[in-house]
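Shared chain: chain A. Partners: chain B in the first complex, chain C in the second.
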Partner chain A sequence: MNHIALKMLMGDKSKYIGIVMGLTFASLIMTQQPAIFLGLMTRTYSFISDVGLPDIWVMDSKVQFVDDIKPLQDTELYRVRGISGVEWAMPMYKGLLKARLTDGRFQTCNVVGLDDATLIGGPPVMLEGKIEDLRRSDSVIVDIDGARDKLGKPSPIPGGKRIPLKVGDSLELNDHRAIVVGIAKVSRTFQSQPVVYTTYSRAKSYAPRERKLLSFILVKAKKGQNLAELTRRIREATGLAAYTQEEFKTLTYEYFMHNTGIPINFGTSVLLGFIVGAAIAGQTFYNFTLGNLLQFGVLKAMGTSNWILLRMILLQAVLVGSIGYGLGVGLTALFGHAMRHSILAFRFPWQLLIFSGAGVSLICVFAAMISIVKVIRLEPAIVFKG
Partner chain B sequence: MNLAVRCQDLVKTYDTGGQKVTALNGINLEIEAGELMMLVGPSGCGKTTLISVMAGILDQDDGSCEVFGENLLNMRSRDKLNFRARNIGFVFQAYNLLPSLNAAENVSVPLIINGMKRVEAERKAISVLEHVGLGERWQSLPSQLSGGQQQRVAIARALVHSPRLIVCDEPTSALDHETGHNVMTLLKDVALHKDRTLVIVTHDARIFDFADRIAEMDDGHIIKVKDTK
Partner chain C sequence: MQIKYTLPLLAVAGFLFAAYTVRNSYQPPPVAKAVTEPASAPFKAFIAGAGIVEAQSRNIDIGTPLPGIIKTVTVKVGDQVKAGAALFYLDDRDTRATLAIKLADLAKAKADVSVAKATFIDAKSLNDLAEAVTDRRAISAEELLRRRNAMLIAKARLESAQALVQQAEASLADTETTLNRLIVRAPIAGEVLQVNIRPGEFAQAGFLNTPLLVLGNLDQLHVRVDIDENDAWRFDKNSKAIAFLRGNRRFKVDLKLAYVEPFVVPKKSLTGDSTERVDTRVLQALYQFDRKQLPIYVGQQMDVFIEAQDYSTSKDSENHQDAQGSSL
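Here is the complex of A and B:
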């Protein structure tokens, strides 16, 4: 009977395509929108991920997320270094500064100041130059996306593509000359500002005069140290906040989840995709069953049990569901692949496949159930009603 | 006498929007095996309800209907399904072929319902299609066949699993005179034999000559049974 069920389904091409399209749309929306959402959310803590080496981040206790900088006094660094279980503790400056470009424009940059001696917290991948080049005077390293786009020089041809900033070029940070000595690859951040790396002391000279300029203290725990225990000791000894890398990511992620409209916006899109997909697929599938009611009646009259008819409808639902899901997920993957070099945030973990799969399954179950009820209640005597 | 169908005091009432309509009002009828019985009468007289009860697709409210000695009303639903699948063949006015299946696939449906493998069922279906003169058209979809050809496919479908009772609802009313005549000739020649009974509902007077007996119905009653042999 499976063969008959499939032939019935595919025989009515317009309805078959309609059901598959509805499910494809639902699957696409339920996969693509969360993928963009996850991509955006990942960007909120991408800076923390890029600074991979330290185990613990220490900061002002009022900090709510990674870009919420509440500077500390430099003396805090020495207090942290004195806590037992700390292998090393390094300063980091992080702040938004305006860079004046060669064409006179200003561009806000995310300036990161690294410990002068160790350069801990530097960019994860160097594309040109070496991180040690930061020890040269006035040197900075810029990220490739910033160098190509926002920090790029205007094209000599009107409307032409910007000329990327390259090693040897210069820019001005708060009236201080900065020479590009390296190009780095960093993860895109939520704000998508160009990232400029320099040393901690030079970053302090670029930054406006303030009493406190230390943004974070990066801590490496001694081997075998319990990180939860060490963060507790740091908190108790200094009154500062101390988070493991994962805790700091969660803090940042949750800040954006609870304090921005992003989850609601994307959640609404996903919900709409689900509802519209369910409505299209459910309605078309139900219409398809209604259109075939006489055929189901004939099968019933000829001795087909409700159980077999139920299996036939489920098979039809599973088939259209699988095709729609596959197409939706495939289109999402293609979308992600096409946008991989663009500014668009996109992250497609395997869990998302389960999420959208569950959504499409729910739609198929809904569509199948309303059809099954109709077929089970069907009187086979309908076959004699012309 | 070998009885195929015995109906005693059959009553069937429909509830149509709060109003009771009696479709069968104390029907008594016996049909012998190997007989071609026609049920005739005006629209709404209860002919279709009667064959629905005989075919086991509708339960009566009162009375009994035994088909080959089995009281269908007392059967469990699964047993009734199996009984129908094995013993009853259907021919409909509008053919009711599955439009996305070709002729052989349509004919093979009753065999598949009875548990036969698809390939074997289709092989047998093609041989039955040859019997009804459509051996060459086994791959055609219903939409590619004429009305008469579709009805012949429907007859092949009704015959393929060798049922003992075939119920036909207005099998010729959608066909022209010559095609209707051919279909009836085919039904009588191929479908009817000593172990198989045909019950045909019709008000197409052109085919009355094919009947062994004609039961005239009106207002839920059988008013006359005429022997035409």
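Here is the complex of A and C:
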């Protein structure tokens, strides 16, 4: 019987390809759009992921997300250090400063100041130089994307490619001299600004005069500490906000979810993909069943039970569904692969495979249902009419 | 049939590629290690503070009593000096010239005394002669009176001349003191930590941002620990304290409390920034430690941990007390 079902399905090539195309398209949209969405959302907290060492981030209680800097007093660092269960606590400066480039252009940079002694919170991957080089005077480390593009020097040929910033080059941060001593690889951030790493005290001298300059306190818990308990203790003792790394990521991510149009935008795309896919695949599948109604009638007249017919239709639906799904996710992966060196945000976790699989299954179930209803209601006598 | 196999195969290939992408697409960034491991407290509950190392005598900014051009600097950085040893000399030509005048004045005054003395002797002998005449008729009363008065005047002149000598001597002593003040001496025995003057430079009297010379007693070092005023209530004078050297946490030293400054001061940021920002007030506790245990210099920063009462338990007992208080 299964053989007959497959013959029936593939017999009409155009309809077969039509159904598969519809499902592929739906699957592609339902995978690729969320992948970009997830990529963007990951970028919102990529800075937190990059600074992997601390367990807990302490900041002003009104901070809404990672780029929302509300500086603290320097002594808060020592108060946090004095809370039991804290292995160490380190200061971090994070802020946007204007860099003046050699050609006179201005570029806003994300300046990160690390604790002078330990340099905790530094870039995860160094391509050139060492993090220790930050101990040299006026030294900074820039990220490779920034060095290549936004901080690059203009090309000698008009319209040519920019000359990347190299180790030993200098730039001006807020009228202070800064020497590049290293190039780092960091995850792209949401705003894609160049990232400049330096020491905490130097960052303070680069930053405009303010009474408070401490952006974050990075805390490592003692071994065996319950993080939830420790964050509660920090909150109670200092009145500041303390989040575990995951909580801080969620906070940042939630901010973008609630305060930007990004989720609605991508949600609409996914929904449209689903609806259009369902409409095309459903309608084509239904048409195909209608076209084969005569065959089903004959089978029914020959005494085939409804159950077997139902299984035949389900087999057909599962087959086209799987093919469409496989092609769709394959194309998405290909898209992601092609774009891996571009600035496009793309993130493909396994949950997304399940998500789009569920979406395609839903479309198939919907398409199969309307066909099944038609076949079950079919009178075998129809074969002999006309 | 071609299409019968192509599409399913393509689909399987697509799914496998997607699965491969899922596996490989996102690797969490590696964690950047700390360049040096930060110090962590060896206590369960503690107060953390930034400490700055200073000499036991505190660091003495040597000043000059008189402004002037520096003639010679007799010490260099690192010299051990005794109390009272000369540190630097100011230009004294002017004062020495005055001294010569004063000496001449003294000599003149002394000569004047001799003259006055001679005059007095002369007047006295004339008077004595007249006094010695027993026959009152041999000498007129007027003559006698004149001679006696001349003797009295000469005596007064002698006393005045002697007073002038005293005056000249005092004046000389004054100049000598001035001369002495042009030599700046060490107030205590100690080590020269900093020399900011060179011969020929002008030394200003009064408070200076850059001290002329810094002196300190380094036999025992003190570390001045800033404790945030919000944590001050947890501070216990008898609890243990440990200081860690910045940059290498293997260097640590047990501290002994020297004294606590009972006056809470605005915190000066110890970050070394040229413009110090005051952001809170701090209690300053001074601890002493054995210098030989650490390769440390005066002015260096340390991370200090002071053992304290466990915050959470003390808080509970507080609540308990509150409850009792309200029931009473």
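Note that the second predicted complex is superposed on the first by the 386 of 386 C-alpha atoms of A that agree within 3 Å, B and C clash if a C-alpha of one lies under 4 Å from a C-alpha of the other, contacts with A are read in each partner's own complex, and residues count from 1 in each chain.
The rule we apply is simple: contacts are C-beta pairs under 8 Å (C-beta built on N, C-alpha and C of every residue); 3 or more make two chains touch, one makes a residue touch a chain.
Small disclaimer: the values here were computed from a predicted structure and weren't measured.
Superimposing the complexes on chain A yields a three-chain arrangement in which chain B and chain C fit side by side. Contact with neither chain B nor chain C is seen for A:64 once the two complexes are overlaid on the shared chain. By the touch criterion defined above, A:124 lies against chain C but remains apart from chain B after alignment on the C-alpha atoms of chain A.
Contacts of A:4 after superposition on the shared chain: chain B is touched, whereas chain C is not. Touch criterion met: A:322 reaches chain C, while chain B stays clear of it. In the superposed pair of complexes, A:331 makes contact with chain C only, with no contact to chain B. Between chain B and chain C, C contacts the larger number of chain A residues. Of the two partner chains, chain B is the only one that A:305 touches; chain C does not reach it.
Applying the stated contact rule after C-alpha superposition, one finds that A:384 touches chain B and leaves chain C untouched.
With the two structures brought together on chain A, the opening angle seen from the C-alpha centre of chain A toward chain B and chain C is 170°, to the nearest 10.
Our summary of the superposed model lists a minimum C-alpha distance of 11 Å between chain B and chain C. Contacts of chain A with chain B, set against its contacts with chain C after fitting on chain A, overlap at residues 10.
Note for the complex: chain A touches chain B at residues 1, 3-4, 7-8, 10-12, 294-295, 298-305, 379-381, 383-386. Residues 48, 51-52, 55, 57-58, 78, 81-82, 84-86, 88, 90, 92-94, 96, 98-101, 105, 109-110, 112-114, 118, 169 of chain B touch chain A in their complex. Those residues of chain A lying in contact with chain C across their complex are 6, 10, 13, 16-17, 20, 31, 42, 49-53, 73-75, 78-79, 81-84, 86-90, 115, 117-125, 131-132, 186-187, 200-201, 204-205, 209, 211-212, 222, 233, 237, 319, 322-334, 336-337, 346-350, 352-353. Those residues of chain C that touch chain A in the shared complex are 1, 3-4, 7-8, 10-22, 25-26, 28-41, 43-50, 226, 228, 230-231, 234, 246-247, 267, 269, 271-273, 275, 277, 279-280, 282, 305, 308, 310-312.
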